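Chain IDs A, B, C and D follow the sequence of writing; residue 1 opens each chain.
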Amino acid sequence: MWGGRFSRGPAGIMEEINASIDIDKRLWREDIAGSKAHAAMLADAGILSADDATAIIGGLDQIAGEIERGEFAFSAALEDIHMNIEARLKDIIGEPAGRLHTARSRNDQVATDFRLWVRSACEDMETALNGLMRALAQKAETHADAVMPGFTHLQIAQPITFGHHLLAYVEMFARDADRFADARRRLNDCPLGAAALAGTSFPIDRNATAKALGFDRPSANSLDAVSSRDFAIEALSAAAITATHLSRLAEEIVTWTSPLFGFVRLSDAFSTGSSIMPQKRNPDAAELVRAKTGRIVAALNNLLIVMKGLPLAYSKDMQEDKAATFEGVDALALSLAAMTGMISDLEPDRARMLDAAGQSYSTATDLADWLVRVPGIPFRDAHHITGAIVALAENKHLALDELPLADMQGVEPRITQDVFGVLSATSSANSRTSYGGAAPVNVKTQASRWLNQLNKES
Amino acid sequence: MWGGRFSRGPAGIMEEINASIDIDKRLWREDIAGSKAHAAMLADAGILSADDATAIIGGLDQIAGEIERGEFAFSAALEDIHMNIEARLKDIIGEPAGRLHTARSRNDQVATDFRLWVRSACEDMETALNGLMRALAQKAETHADAVMPGFTHLQIAQPITFGHHLLAYVEMFARDADRFADARRRLNDCPLGAAALAGTSFPIDRNATAKALGFDRPSANSLDAVSSRDFAIEALSAAAITATHLSRLAEEIVTWTSPLFGFVRLSDAFSTGSSIMPQKRNPDAAELVRAKTGRIVAALNNLLIVMKGLPLAYSKDMQEDKAATFEGVDALALSLAAMTGMISDLEPDRARMLDAAGQSYSTATDLADWLVRVPGIPFRDAHHITGAIVALAENKHLALDELPLADMQGVEPRITQDVFGVLSATSSANSRTSYGGAAPVNVKTQASRWLNQLNKES
Amino acid sequence: MWGGRFSRGPAGIMEEINASIDIDKRLWREDIAGSKAHAAMLADAGILSADDATAIIGGLDQIAGEIERGEFAFSAALEDIHMNIEARLKDIIGEPAGRLHTARSRNDQVATDFRLWVRSACEDMETALNGLMRALAQKAETHADAVMPGFTHLQIAQPITFGHHLLAYVEMFARDADRFADARRRLNDCPLGAAALAGTSFPIDRNATAKALGFDRPSANSLDAVSSRDFAIEALSAAAITATHLSRLAEEIVTWTSPLFGFVRLSDAFSTGSSIMPQKRNPDAAELVRAKTGRIVAALNNLLIVMKGLPLAYSKDMQEDKAATFEGVDALALSLAAMTGMISDLEPDRARMLDAAGQSYSTATDLADWLVRVPGIPFRDAHHITGAIVALAENKHLALDELPLADMQGVEPRITQDVFGVLSATSSANSRTSYGGAAPVNVKTQASRWLNQLNKES
Amino acid sequence: MWGGRFSRGPAGIMEEINASIDIDKRLWREDIAGSKAHAAMLADAGILSADDATAIIGGLDQIAGEIERGEFAFSAALEDIHMNIEARLKDIIGEPAGRLHTARSRNDQVATDFRLWVRSACEDMETALNGLMRALAQKAETHADAVMPGFTHLQIAQPITFGHHLLAYVEMFARDADRFADARRRLNDCPLGAAALAGTSFPIDRNATAKALGFDRPSANSLDAVSSRDFAIEALSAAAITATHLSRLAEEIVTWTSPLFGFVRLSDAFSTGSSIMPQKRNPDAAELVRAKTGRIVAALNNLLIVMKGLPLAYSKDMQEDKAATFEGVDALALSLAAMTGMISDLEPDRARMLDAAGQSYSTATDLADWLVRVPGIPFRDAHHITGAIVALAENKHLALDELPLADMQGVEPRITQDVFGVLSATSSANSRTSYGGAAPVNVKTQASRWLNQLNKES
């Protein structure tokens, strides 16, 4: 395959470690698109005859059909997708096939193919994120006024609303989608024509190939074009950050479906059972989404390690870029789909949520704020007074709004009957009307804003 | 510190693991700026009296002076920078200090402080990257026509130019700077006013504090505002990618300064010696820059792992965000400074580079391209023919341009004397005039374009 | 410092990136011990005069005292702990100080120092793990018969005992301690005498220095001795695995102290409060232990990345080994201490645990097993029958042991009154007497076995 | 599949994310072995009739044959290997198949299967490492006296021998093999009989199943048995450390085969060519081995992240353990095989190595040592004097042994003609006879010791 200088073929183990066809055959569409653009440009530039170009493009289209229909026989001896396709082209059209590789190398070819693939992946992740955001925003709109406990440290902190909680994730996923958009924009330079590493002396038109393949421009430095994989690492970074967001929501679904919380229920379609315990309903999909974080972060870590310390230009180490990227993107795509399904599927138990929202002195802050607002006590003192009242109520095994006024006044005489208006979970949640706050009225506005925006985009 | 509910102080080990003041005291400027903006807004909104606000702001300014002058006594018992400052404020101004924490929590306070810090860090990294790019572009302009071997797989591949090689890194670092700019833009929402997690019932003006602190807008969801750290992870992702680029350049400096390459020389100022071997000149700074990749990638990995699976809203796990981010940013800042110094310092040995550029049949591709261009042989066949000629020359221990024409014609009769015009390293490098190619003329254009742009930015 | 070949001092940034004294001064004890052993050996081998050795050893002892008492002035210009001590030695004893570095290099010196430090760290981690195991086993013995729900997927699965749950962690931590013991054993070769990389022509006695420093033997290959850091990576691997175990226990403490579980209570000494919410009791230490996993795994990742692709022998990259290792070991030591404190401190709420253990049809498996054992139904069928009975009970909002016998018989006629003997949580837990099972009788035996063994070791 | 409680089947996406059969079908041998041992034990314990056990074991043997011959139809709807095999068993033997799952769960079943697989993997890695060590030791024995430059910081440091360099890796790989042996020993407890998480009330004999499957003992705690995956993480740690060692050797092969070093040559069987540059001979296998470090470290990182923060007992997250472990082990196995092939294949160019060993004042340390040994100058002063002599020689463009004695004496009058006996590369290498030093005589002894030991083991 490498021509006249070699007298012996590769060792078996050499072929095994070297062949990438099992991984990179996934790039066949991109490889054929790149070759067609290259051939057309060569013809326009007078480097290739029009007949040869026509033969090549026709042959490539035929190959595309063969692969699409599953009729193509991939060969490990031909190493990779590029050589597999070129060899088949030679079978089909003969001599002109040998002219296609003029003024290019596998180095710029694979860089182009892979960039096209990552570009599509970024677009797909944005679409999938938008789908998940829509599912969250719809559920948030439906349950804008479902009061639930807000937690910090998994301790009940203050009453919030279920809709508000879901919209927090919409914000996160929106930034994730934005990161994929930035990655897509930044990678959209075309390496084709960088050849092996130095460019070429043929009078090629790199703007033409860049345009034909939807790139914004040809890359400005041939060494960079064939040596850099930051575009894939950036996409994996966006994926890893998204994965941590998904893992948090997944953790919450696992917690919420635990019978000791009982906040939400997944339908049978998203629950699994046990081989031994007949009563079990397990949130397996949520756990798997949480676990995929490991895989996706590892894919990022993998490619960063691969690239560490590599001299320019191309080193074979870079062949590992594709497995890592495919694994990370596949795992994220699956996680996003599963999470979208779960969010659409889950139903909150509003009564249990509301009940829990009133536990654990969750409105103590409201009491402290009342002390600031009404008798004008400094917050730090109000905080201390409230702590003492909570301790008293706890000793008496009473909730805050069950504690007699006299008891409160024993701690702080300025407290009046009026305070009971701020001590219920619902009044507390309703009062959080500051911008970005958890009040139902805010949630409705934000959910509706998101749904409008998402519907415009789709 | 946490008011009336607790009857016993923390265990010693509890205080040790819990206190963050050694780490987060670095946020003192941001903390004071945030508190001043909050106090001013509270006064404008009528929540705080003008006198109290004046006292608070004056007290905070005094504290800033004390910290600046190294007179401030930090206390681990007060846990963190927020409590240290608030306690000192109480010492100075008394009762009004207790009113500052109205309508906010440490959760939104620290999220604001840390965002401000990461925002500055992104700006600093952009500036540092621009400085490195300028050093590279200047060196590239000076050595635009210094012919050197281009490598793939650390094998001599084709002649390129030293300037072209350096400009490849300018492209990489430009994308890195762009990533920091994107991270900065995306993080610029103000969490202040999200309070603990739910927003507040006080009539605060979040737009005012956002504006006062240079944010583009207040964050739209209070849970997201206090729970998310993707802004720090994104900055660390940009840092990790930059670190891989630096590690590659560092590896090349190590290789190039090895006497078996001898391509560049670092001055004494950037070389170190050995405690045992008196002759040694070691490129320690390059090796340390390469090694810092480990630290920076680990910082990213650290924070991704910390955030995995955390339920909303704030969990104490997030306190680990600062150590990881500071370590990653510090290591990158040091690496960028050291690399900028080395690049400015290093001098290429142009004669050795040119000599090496002609070794190992580096112009074999030029021969193959000649066979395509002149007699019109398909590239695949030209490649094979050239391979056979290289094998012949190798057997005779001759360079390509030393091999008699007759020998070449023995392999391929259509070769003529004209071929010798493409077989020297210099002619090869000069011929790479396709856009993005290694030819000196391209390098000059690109270096000058970059220098213009960088000078405009600075 | 590097002698006569250099004409200019280092650039400021060079000194800043190069100096390691802030990190490696922590190795002062090991460095002095190594130098004393080296000097004594040189004297015994006739390479150094007895008087010089006496002067050197006396000077080193004096330096040890100075450092111990905080009187030693460390200098960044002297780069590292080795040069700081040697320079001070020269101040104290003059000319003989210059003879100490005979037949050694900083390369073998630092490898020896660091190995000694990691050896101590392995021992300390074993001790700390044993302390944690003892706390767990004691608590397990006390609560051997406290019935609690066993969870899978955070769903209630089967009744178990609190003691059994705690002993599961004793098993994990025992393996962790064993890993540190293996790491300690494997690292115990002495690099001293490997010199820069090649050994030496001086007639040194490496067995003598190895023995004096408590090593099992001198390392067998000088290149390996100065180039390898697998001993530190192995210790960090053991630390990372331990950290995942700690993170799981920490997660459980966070969940168990959540009011919706309410299984355990931490005292005020291990709880923290909120700056805004007066009622909060947060399990901060558990969250910080969970978060430290990020730091410890990152330290491992860091050092693996640093070592990737380094040629033999010493490269300056390896200087990063110490920061990574110190950080990982420190974080683990702190986490182990905090967890030991929390375990000793926490008190289970046995009534709530028992109540929860009976929820969610937790004894469904006992019913299925009864169907296998008494009427001899194949388990798969028994599982299916039990599922149907659970569905029936759920529709009627009844617990399994509240469902009338007639209803059960409607699903499976062979069920008799006898079945009610296996349907309570306590009977279920008591029945798990298979080896390794959760029954109180097993827990008592295992806890007592562990306590005996741990008391023997301490 | 999960019996009577579910009314609807899983969603498509649920099935896709949940099914593990594509990954875990690789455990079929272990699964069948485990089930046979379990069935035999159940019969011995009187829980299963002898006829049923015979039918089950016969059925399982038949299934093993079907899988072996590629006749088994795996089904994603049946989720995993366990359910696939049990379902097929039911097809073959009918009702008794339903009795196999008595007193066990998929949780202990998969823990057992996977432990068996990891045990084999540890054994395989040890074997592969021994093979690589043998190849290295043989090559070292052959080239025990081939003088080459030893490097630090990729600068020529001191002359060593090629054999000594290769034996450094034997030491590393020996420790790696030892780590796999420790991991194997530590994991060899049998989870079978832990059932879902709590053990069982059936009178099972766990010692019998443990023994039948080659385990040392049954695991002592049922929760630990089904919840822990530290055995896989430990194996991946050993793999990751091995990978860093391989990456270093791979980096050296890449450097050594670069024409500017030219130290070794790989045969055509281990070289690859270029699609564009006909002269290229690339060390692709070495680069791929180096790159696999990323994949293997990432696999370790992956599983550590997956396990972080999981509550006991089994969570579905753990299903990700197998993909990560398989990927890490497969990549290591391939890397070890490729490296063994390359080491056996490569031939050093002894003349080039010797020539390089004399460059760059590589014997300066020998001169300094001579100054210590003969005129008795303190090493620090000798180091300084030598530095000055090197600077002088460098200015005169002379090697050390070319510098006239008078010039040396101009720097240090006590130098005599005798010094020239220590200034050649060969004499320097020969002089490193301290234990572990690079002298040929040492290398022969060590290589022969290793070969004897390795031959005994195989």
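By definition in this document, a contact is a pair of C-beta atoms (placed from the backbone, for glycine too) under 8 Å apart; a residue touches a chain by one contact, two chains touch by 3 or more.
Quantities reported herein were computed from a predicted structural model and do not represent experimental measurements.
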Shared interface partners, meaning chains that touch chain C and chain D: A, B
Higher-contact pair (C-beta pairs counted), B-C versus B-D: B-C
For chain B paired with chain D, centre-to-centre distance based on mean C-alpha positions, whole Å: 33
Residues of chain A touching at least two other chains: 2-6, 101, 107, 151-154, 157-158, 195-196, 254-255, 273-282, 284, 287, 290, 293, 297, 301, 304-305, 308-309, 315-316, 365, 383-384, 386-387, 390
Of all residues in chain D, those that touch chain A in their complex: 1-11, 13-14, 16-18, 82-83, 101, 104-107, 195-196, 254, 267-282, 284-285, 287-295, 297-299, 301-306, 315-320, 323-324, 334-335, 337-338, 341, 345
Contacting residues of chain B [partner chain D, same complex]: 151-158, 254-255, 257-261, 273-284, 287, 301, 304-305, 308-309, 356, 359-362, 364-365, 367-368, 383-384, 386-387, 390
Chain C contact footprint on chain D (complex, rising order): 2-6, 90, 95-103, 107, 150-154, 157-160, 164-165, 167-172, 175-176, 178-179, 182, 186, 193-204, 206-207, 218-225, 227-228, 230, 233-234, 237, 240-241, 244-245, 247-248, 250-252, 255, 290, 293, 297, 300-301, 304-305, 307-316, 365-366, 369, 372-373, 378-381, 383-391, 394, 422, 429, 431-439, 442, 446
